[in-house]
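Chain lettering (A, B, C and D) follows the sequence in which the chains are written, and residue indices restart at 1 in each chain.
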Amino acid sequence: MITYTPVKVRYGETDKMGIVYHANYLLYLEDGRTDFLEQAGFPYASIEERGYLCPAYSAELSWRAPLRYGDDAVVETRVIANGGTKTTYQQRVFRAGDDPAVDKPVAEGRVTACAVNRDTFKPVSIKRELPDLYERYNALIEPEA
Amino acid sequence: MITYTPVKVRYGETDKMGIVYHANYLLYLEDGRTDFLEQAGFPYASIEERGYLCPAYSAELSWRAPLRYGDDAVVETRVIANGGTKTTYQQRVFRAGDDPAVDKPVAEGRVTACAVNRDTFKPVSIKRELPDLYERYNALIEPEA
Amino acid sequence: MITYTPVKVRYGETDKMGIVYHANYLLYLEDGRTDFLEQAGFPYASIEERGYLCPAYSAELSWRAPLRYGDDAVVETRVIANGGTKTTYQQRVFRAGDDPAVDKPVAEGRVTACAVNRDTFKPVSIKRELPDLYERYNALIEPEA
Amino acid sequence: MITYTPVKVRYGETDKMGIVYHANYLLYLEDGRTDFLEQAGFPYASIEERGYLCPAYSAELSWRAPLRYGDDAVVETRVIANGGTKTTYQQRVFRAGDDPAVDKPVAEGRVTACAVNRDTFKPVSIKRELPDLYERYNALIEPEA
């Protein structure tokens, strides 16, 4: 499954360069992952209700072209790896209207989240403790773009 | 007691106008209140440990001159009212080096926080449940600038 | 004209209280004003292109009930005053699905923006320099809720 | 040269997990690079005044342990590569009081910035256009930790 999530640039997300501040792309990527999990039938809030958190573990990001206030963007999201504890997403940000098959993203990243126990923050096995989510991830894995 | 808390403008706090985005002044004001409570001997974290939260209840803000990246600022903080449940701070933001007695602030505000129970979010009487904090506030009240 | 702008709470907009951090409501209110200006036929970006900026001048805010991650909200926006230089918006934030006619907002505010010259940051008369925008505001004014 | 920049966790930087939201570490890393450039004698603002911007080009980040409200942290910053156009920093975030020689960082990253022309956003050769900065970076390069 590959999801496409629209994002609207906020004024306060720009910086004095006149472009979206680099850290704010992590908010856009999270919008994409939130949407992905909803479309997968596992809204992130429901995972937390079951006693788990999925904090960010690692990320690789690159910024290739600026987004500006008034720009509309789309975040493309897919899961490319699903370990026992960690899940890796590849995500690409396009200008709205661009074609992901031919156009270059303005930014892209790989973000790995790690399931942990809500109270102890200790890593937990998704495979063992959230087997339905684990199977769902497996069924949705896509090759990297 | 009047406290003065230094603040350094971050790049990511500016917007495409080239100045600090207006919402970010609320972060600076919170820096001031955090510092005030530390200097008062009641670090905010210790209030939360006792089972209470103090979310913002209301605020009046005005912005009079821009702050830019590289600017250093100082947040002046005083308590001007202490009710049973709510506490009102007056806060003014000055450029570092300016004299609060004669120079105009670049921004100012009054922020009222309301003590609530951590679990229920219901308002609680500071006077009854945190009497030491209530007395401390009373002892520290200053007239409005 | 009264506009209603949907807002989705981001994870990163919550704080350790588990609710939306108070400063982030200013982002939601700006979403509402951005939308209002688009619907009025004067997208804010077009105002900047004509050489003007409209920084926040003052705000009065109150927070009455918490929003949480996963909540959907709606920002109600109207212009209640239109001076030569300043424009005042009244804005109320409701939970999605609530009825603004009977339900209480979770937060509300009045935000006044001031038109300034892009290069000098000196206030300018909207009435004189942006008469089409000035007339449009006048035509759209609503009584306060 | 290796610099150590103190950072204080803001309430609004935490999220509903009760820990610093992952994106906000990019603000802390930027605090470290801002400080590094100041200590190197090339405040970032002075680079912009000469007509250049240094937007983020790529980043690799990892988060290993949470920071919470009230925590004090220190950002360790060094330049590990200096190309004609791009500069790569290695940065590690420690709890205040921890010893970078023996203790593990709570987060770390490599951030590459790319010099561009302020007006065109086209990459420029630091080596050719900002030779004094280029030489300074070269003199300050450190091996990766």
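Just so we're on the same page, contacts are C-beta pairs under 8 Å (C-beta built on N, C-alpha and C of every residue); 3 or more make two chains touch, one makes a residue touch a chain.
As the structure is a prediction and not an experimental result, all values here were calculated from the model.
In this assembly, the chain whose C-alpha centre lies farthest from chain D is C.
Between A-B and A-D, more contacting C-beta pairs join the chains of A-D.
Distance between chain A and chain B, defined via averaged C-alpha coordinates, is recorded as 35 Å. Centroids built from CA atoms put chain D at 24 Å from chain A. Shown for chain C are the residues that touch two or more other chains, namely 11-12, 17, 19, 23-24, 26-27, 30, 69.
Every residue of chain A that touches chain C in the complex is listed here, in rising order: 10-12, 26-27, 30-31, 34, 43-45, 69-70.
Residues of chain C that touch chain B in their complex: 17, 19, 22-24, 26-27, 30, 53, 55-63, 66, 121. Of all the residues in chain B, the ones that touch chain A in their complex are 11-12, 14-19, 21, 23-24, 68-69.
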